[in-house]
Every structure is written in C-alpha cells, then in structure tokens.
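In what comes next, chain A is part of two complexes: it sits with chain B in the first one and with chain C in the second one.
Let's look at the complex of A and B:
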C-alpha cells in the first residue's frame, strides 16, 4: 500500500492508496502510530483512494483514534464514499469518527482548537 | 458457469496474491462494485483468520480458494486442513458508542454475515470448508 503523508502547518494528511486489509493494515497502523507519537497528532486521513477496508483496517483506525485522544490531538476522515462508506455504515463506524465531506473541511476541523 | 481456483500457503502475505486474483476475476466477469468489495473483505476476513488461528503446529499448509460465477450467483469456497473452526461461532460485536470501549472482535464475522446472502460451513474429513454465496444482479 502506498501511503502519502503531507504536512501543512500543524496538520498531517495521510492518504493511503490501494486496499486496507490484514496485510496492509499493519503498516498503515504503524505509520499512524509513529506520526502521532512524534507529536503530529492533528491528523486527517483521506480514504478517497482506498478500494475497500476490512476489519483489520478498522482496528488500525480505532487504535489511531485512541492514540490521538490520549495525546489530546484530533483526527478526522474524508473520502469516505462509495464502497468504503458502505463498509463504514455496515460496521457502524460512521458515528465513531469525525467524517468530513472534503479534505479542506477536515483540515479546518482538526486545526481548530477546542 | 465460470470457475477458478487458487492455492495459497498459510502466510498473511499470500492474501495480497488472492486480492490481485480477485481483481482479475472481477475485471474478466464484470462484477458489480458492491459484490467485488464484499468478496474482497469476506476473503480477507476468512483467510486472515485461518492463517492466524487455524494451525497449532507452525507448519506450512495449503489453503484452497475457489470462485464460481453463474446463474446470478457468486460462490466463494475456502478449504483448509487446520483445526476445526466455524467462523460463525464467534460472539457478535459490541455496539457500545464509546470509542475507547468499542470492541472490534466480532467485526469480521459481522462483515461476513452482512456481505453475503448465504454462508455454509462444514467439516469434511480433516478439512474445514466454508462456502460464501452472493447474488449477482444481471447486468
């Protein structure tokens, strides 16, 4: 899985490409943990270029969400559409995360202090 | 009836080979997007379970995956010679709303049930055989 990470001010945007499954979820999760632990805990994950995500991927997102919470950061998701959205809905995960319609919306939301 | 089968070793990395094969099968037979993603997730759940938990001996094992498409039905069969294991015999997911309390344990089984129209497990000799069926709308 390709993982593109871009930084803009204090927000890191993580863009996985391909599929988030039992194999790729480990690297995805490890990279997210690394990022968050290094202090970059205002994160946008853009799933627009993901074909599907299995339970292993949802586990990685959940762990990232917890870690962000523990470090008083913020996490938002965008690009949750099509088949990925269907899987989020089936998993009842849509209400577990801050999901925005666009990447810009996400960046604005995680940048804002509470 | 279109049939294909693939044999893999019990290593997680093999799941990528299966996923690529599924993509080729889908391209060749024009599976609708929801059927394709459902098949991908289902196979990932089943295969990762087998590879992670079915074998107590740390040895090399072969897993067989078969796809059949015809008469408006897509059937995926997964056969392994691991310990007897019915993937549906797992408790349902905890739907509690707290992020920190949400258990992901049963999510894989939940997906299997939600993404397939019919699931059948049988133990045949020393093999586990799981069959997943999904209706494919004519197109």
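Let's look at the complex of A and C:
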C-alpha cells in the first residue's frame, strides 16, 4: 500500500492507495498516529484509491478517529463509494465518521470546525 | 415487497382516477407505435385495407385482454404486474416471411403455433434456464433491433413499396426521424415520452399533404365508419412445416423477452429485490404465449409484453396494476373504432421508415445492456461473436439462401432465427467441460488475496455470474482467509470449494485450526479499538452480513465456514 500525505494550510490529507488489510493496516495506522501526534489534528482521509478494506483497516480508522478526538481535532473521510461504501455499511461504520462527497468538501468541513 | 422511493404508486396501490387514466393513455401511446407491425405484415401479404384493419382490430382485442390478464395473477395465469402487451418485433421477421409464402392464413396459423411453443416453454422455464442464459436474451433483443433497422432501411429505399426511393420519401422519413430525435434529446416530460408518436403523426401529416401514401388506403379512412364491430372476414389459418422452426424460435424469443421484462418490472416494484420470482415469470410467459395464440386464432399477429412500457413506468412513477385494467379497456374500445385502425393501416412508407429506425436504436441498447449484465468469458464471447456474425450474414447476403431447400431458406431469411439458432447450438456445445463445482487451495504464506480474486473472477466469467455476487464472494473469502491466518492458527492450506447454479453460489472454506465465530451482533467501537479479539469479531460480523447465509461449524476435525449467496 502506498500512502500519500499532503498538507495545505492546517489540513493534512492522507491518501492510501491499494489495499488496507491485516498486512498494511499496521503501517497505515502507525503513520496516521505519527501524523496526529506531530500536531496535525485536521485530517482528511481520501479512500478513492482503495480497492479493499478489511476489519484491520477499520480498526486503524477507529484508532485514528479516537486520537483526533482526544486532541480536539477533526477527521473526515471522502472517496467512500462503490465497494468501499458497501464495506463501510457492512461494518456499520457509515455513521461513525464525517463522510463527504468530495475532497474539497472534506477540507472545508474540517477547517470550519474552528 | 417494499415499494421503492422513486415510485409514486406501487403495484398494489390504487392511484386516483385521473392518474390512472392519464398513465393508461401514455401506455396506449407506446402500444400505438408498434401497431405498425401488423400493417407491414398485411402489406407483405398483399391484403386489402379492410383486411389490414381487421387484423389490427383483432390484435387490439387480444392485446387488451392479455394486458388485463397479465395484471390479475389468477391460478396459472398472470404475473400480477402492470406489463402491457402489444405487437412484438420478435414475430416480425418470420411473420413477413410467412405472409410472403402463404399469405395471412399462414401468418395466423404459425402465430398460434408460436404462442403454444412459448406456453410450453413457460412450464419448463426452471430446468431450461441453463440453456437460455441471460446473454441469449440479450442477443435475441439485439437481433430484433437489427431486423427492425433493416426493415426501416428497406422502407426508406422504397423497396417495400416496390418503387424506387424518391427525394420526397427521404424528406418525409427524415422529418419523422428528426422530430422524434429532437423531442427525445431536447425536451422533457410529455413531449419526450411521446416523441415516437408525435414524430409519426408529424411525418404522417406532411406525407399526406405531399401526396405520398396509398390512395386506396387513405380513401378507406374516409369510407370507414366511426364505430363498428371488428371484422373477421380475413380469418383463415394454415400451417407450413418449413415455417415451424422460425416461428418456434420466435416463440422461444418471446418467452425470453417476457422473462427479461418481468424481471425488470419485479425489480422496479421492490426495493428489496434480490432475484427473479420464477413463479411470476412462468405465469407471465404462459399468459403471453396463450395470448399470442389467441391473437393468431382471431386473425392477428404475435403479441408479447413490451420493454418500452418499462420506460413509461419509470417516467411516470406509476406501476399500479389497476393501470393495466384501464389500458385494456382503452385498447378494447379502440378495436371498435374503424377510423382509428384505418388511419394506422394507411401509414405512409417513409413514416414507417423513420419510426422503425428510431425504435431500433432503443431496442439495440436494451439488448446490449442485457448482454453485458453478466460476466463473460471466452466461451460466451465466441457464442455472441459467431451468432452476431450469422445474423449479419443473413442481412448482408440475402441471396445466399436462394438455392437452399425451402426449410433451410426460412432459417436463413431472418437474422433473428439464424442468430438465435447459432447461439443456442454453440451455448449447448460449449457447456462441455464447464464444471459447476471447483476448488482452490490457499497456501497461508502466499499472496492469497490475488489468488482468491483471480479464482472467483475466472469462474464467474465461465459461469456467467452476476458481477456483484462474485465481488461479495471475493470479499468474503479474502476477509475470511485474512482473519483465519491472523487469529485461528491454521495448520496447512485453506481449502476453498465453490459451486454455482443460476440461483445460488455456495462457498465452503475448510482448514485445520481454531474455528472462527460469526457473531450476530457487532462488537463495540471500544472493543474493536482496544483488542485483537474485537477486530476478529468485527471480521466475523462483516462476513455474516456479507453473505445471504453464513455458518461456521466443525466437521471431521476441520473448521468449516460456509457462505451462501443468492444469485
């Protein structure tokens, strides 16, 4: 799995590419934790280029969400469509996160929480 | 059955009177366009305008009754859905050939035969389904589109009128087509919905004004009374063995057409639709076949459910079966209006050309959508490719059948018949070697995700399975493998076995190791975050929800997880 992280103003956008499974979820989770602990607490995760996310990947998202909450930050997801959306529904994760239609929407929403 | 949000009135609901009759009128407008088909058949037979009017009136009586019966669902008849019945293009090619060979009596006699074939197929639909896969239905619709387009071009070139095309004919055909296209692309609401009818009327008016059209047929309009009983002087029946195969193919094609239409109507009416209700489809096809036979018996052409009616249901949001009773009543009344049927009989050739070419576009796309609704492998690619080539050959080289025996000529005269027969034969032949039950062993150290995906994608294509069901199986087995490898101490490979028929995909995964539970309730967020056990239980929860049925058990020292997917 590749992970592309970009920063713009006070928002960090994390774009995983490939699969988030038991093998790659640890790296995904560790990088997110590292980012949040470094002070970035306005985070957008773009899942548009994810082909598969398993229970391990959902756990990593939950942990990241909790960390962001503890730092009074905001986390939003975008690119939740097609098969990924179906998996979010299966895991009953759809209502747990702020999910936006586009990356720009996500950025605007996490910024607006100031 | 749960009514989808986009439907204003569902199949069991009772809309207000105005909505009912307006919706019915819209459906009748669609049915009116296909009333061209018996007019073309009667012209091919050299029938008089009075006989042509009689064919139309008789057909309308059959259409009205069939539409009402389809909605009612009593005993072995009727689907219970609003599924309007009209003249059907699958009968057109063989009917034209029969009209040429033996006149109207042969058309009526063979239509009775085709209807009985369809009725017989309806009783055997479940066991016959593997021999009539969805791509075959798509091909039938595609060949129908090709035949309709070819006929339109014949009328455009004036060949059907036995005279060279004149520039005025081209102008009228062009005006008809442009009107239909413009209304369809650049308007909304009623003008768009009635674009075919409006274009036909516009072309008709201009054609008459320019002096085109048959003088005899136009004179018959003036001479016809406003109201009269339908005439049956044209009634006679005959049978010719050389036409048996083409009409048998039409009967089977009509069965496939009705099966496809009913599946769409079922899906439109149920937000929780998973798979076709075969009981309803079987009753619908029986009704369809008997209605077509009845149409032939009272002196008209083959009829069947129309896919164009789906568009009206989607556009109006009204699918109440009460609409069907109103449609039946309106069509029945029209059968008693000789002036109306005389107007249809007199439709000028260039207007027919425009209408047929326009209709063929939508029939073509419907066929292609059905063709691509399932996964395709090399076998299916060859079935589709060769059968399309056969249909095209018939269209492009009509003279090739000139020296053939009469019985073979009837097969080679129609792209629908030739293409469908090739598809049926190849589908049967290529079933050799297709295994419905297959296995795969997953080495826990290997790149199992790719192996699982490749396995199911390849098998799905061979089976012609629905892509969404295969995707669910891929996720299920991949997530299961991942969770077992991480949490269940597997000793040795995981054994995967998958079996498929048209209605079910069964997947067994077995291994030596700890059994994975599939909990009914989701672990809490805290449990997922704070423990591996929580993540494992989340996986089991997702696996249970991913399949339509899921079980985990121990058998002979092995842990077994079984998934069932409805197809």
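Some notes on this structure:
Methods note: the second predicted complex is superposed on the first by the 113 of 114 C-alpha atoms of A that agree within 3 Å, B and C clash if a C-alpha of one lies under 4 Å from a C-alpha of the other, contacts with A are read in each partner's own complex, and residues count from 1 in each chain.
The definition used in the following text is that contacts are C-beta pairs under 8 Å (C-beta built on N, C-alpha and C of every residue); 3 or more make two chains touch, one makes a residue touch a chain.
As the structure is a prediction and not an experimental result, all values here were calculated from the model.
Superposition model on chain A: chain B and chain C are shown in a clashing arrangement.
By the touch criterion defined above, A:52 reaches both chain B and chain C.
By the document's definition of touching, of the two partners only chain B reaches A:95; chain C does not. Of the two partner chains, both chain B and chain C are touched by A:21. Looking at the shared chain after the overlay, A:69 reaches chain B, while chain C stays out of its contact range. Looking at the superposed arrangement, the partner reaching more residues of chain A, out of chain B and chain C, is B. In the superposition on chain A, contact of A:83 is made with both chain B and chain C. Judged by the document's definition of touching, chain A residues 19, 21-22, 52, 54-56, 58-59, 62, 66, 83, 87, 90-92, 96 lie at the interface with chain B and also at the interface with chain C. Every residue of chain B that touches chain A in the complex is listed here, in rising order: 12-13, 15-16, 19, 33-34, 36-37, 40-41, 44-45, 47-48, 95, 97, 99-100, 102, 104, 107-108, 110-111, 114-115. Chain A contributes residues 19, 21-23, 51-56, 58-59, 62, 65-66, 69, 82-83, 86-87, 90-92, 95-96 to its touches with chain B in the complex.
The residues of chain C lying in touch with chain A in their complex are 449, 471, 475, 478-479, 482-483, 485-486, 522, 525, 528-529, 534-536, 538-539, 541-542, 545-546.
In the complex of the two chains, the chain A residues touching chain C come out as 19, 21-22, 52, 54-56, 58-59, 62-63, 66, 83, 87, 90-92, 96.
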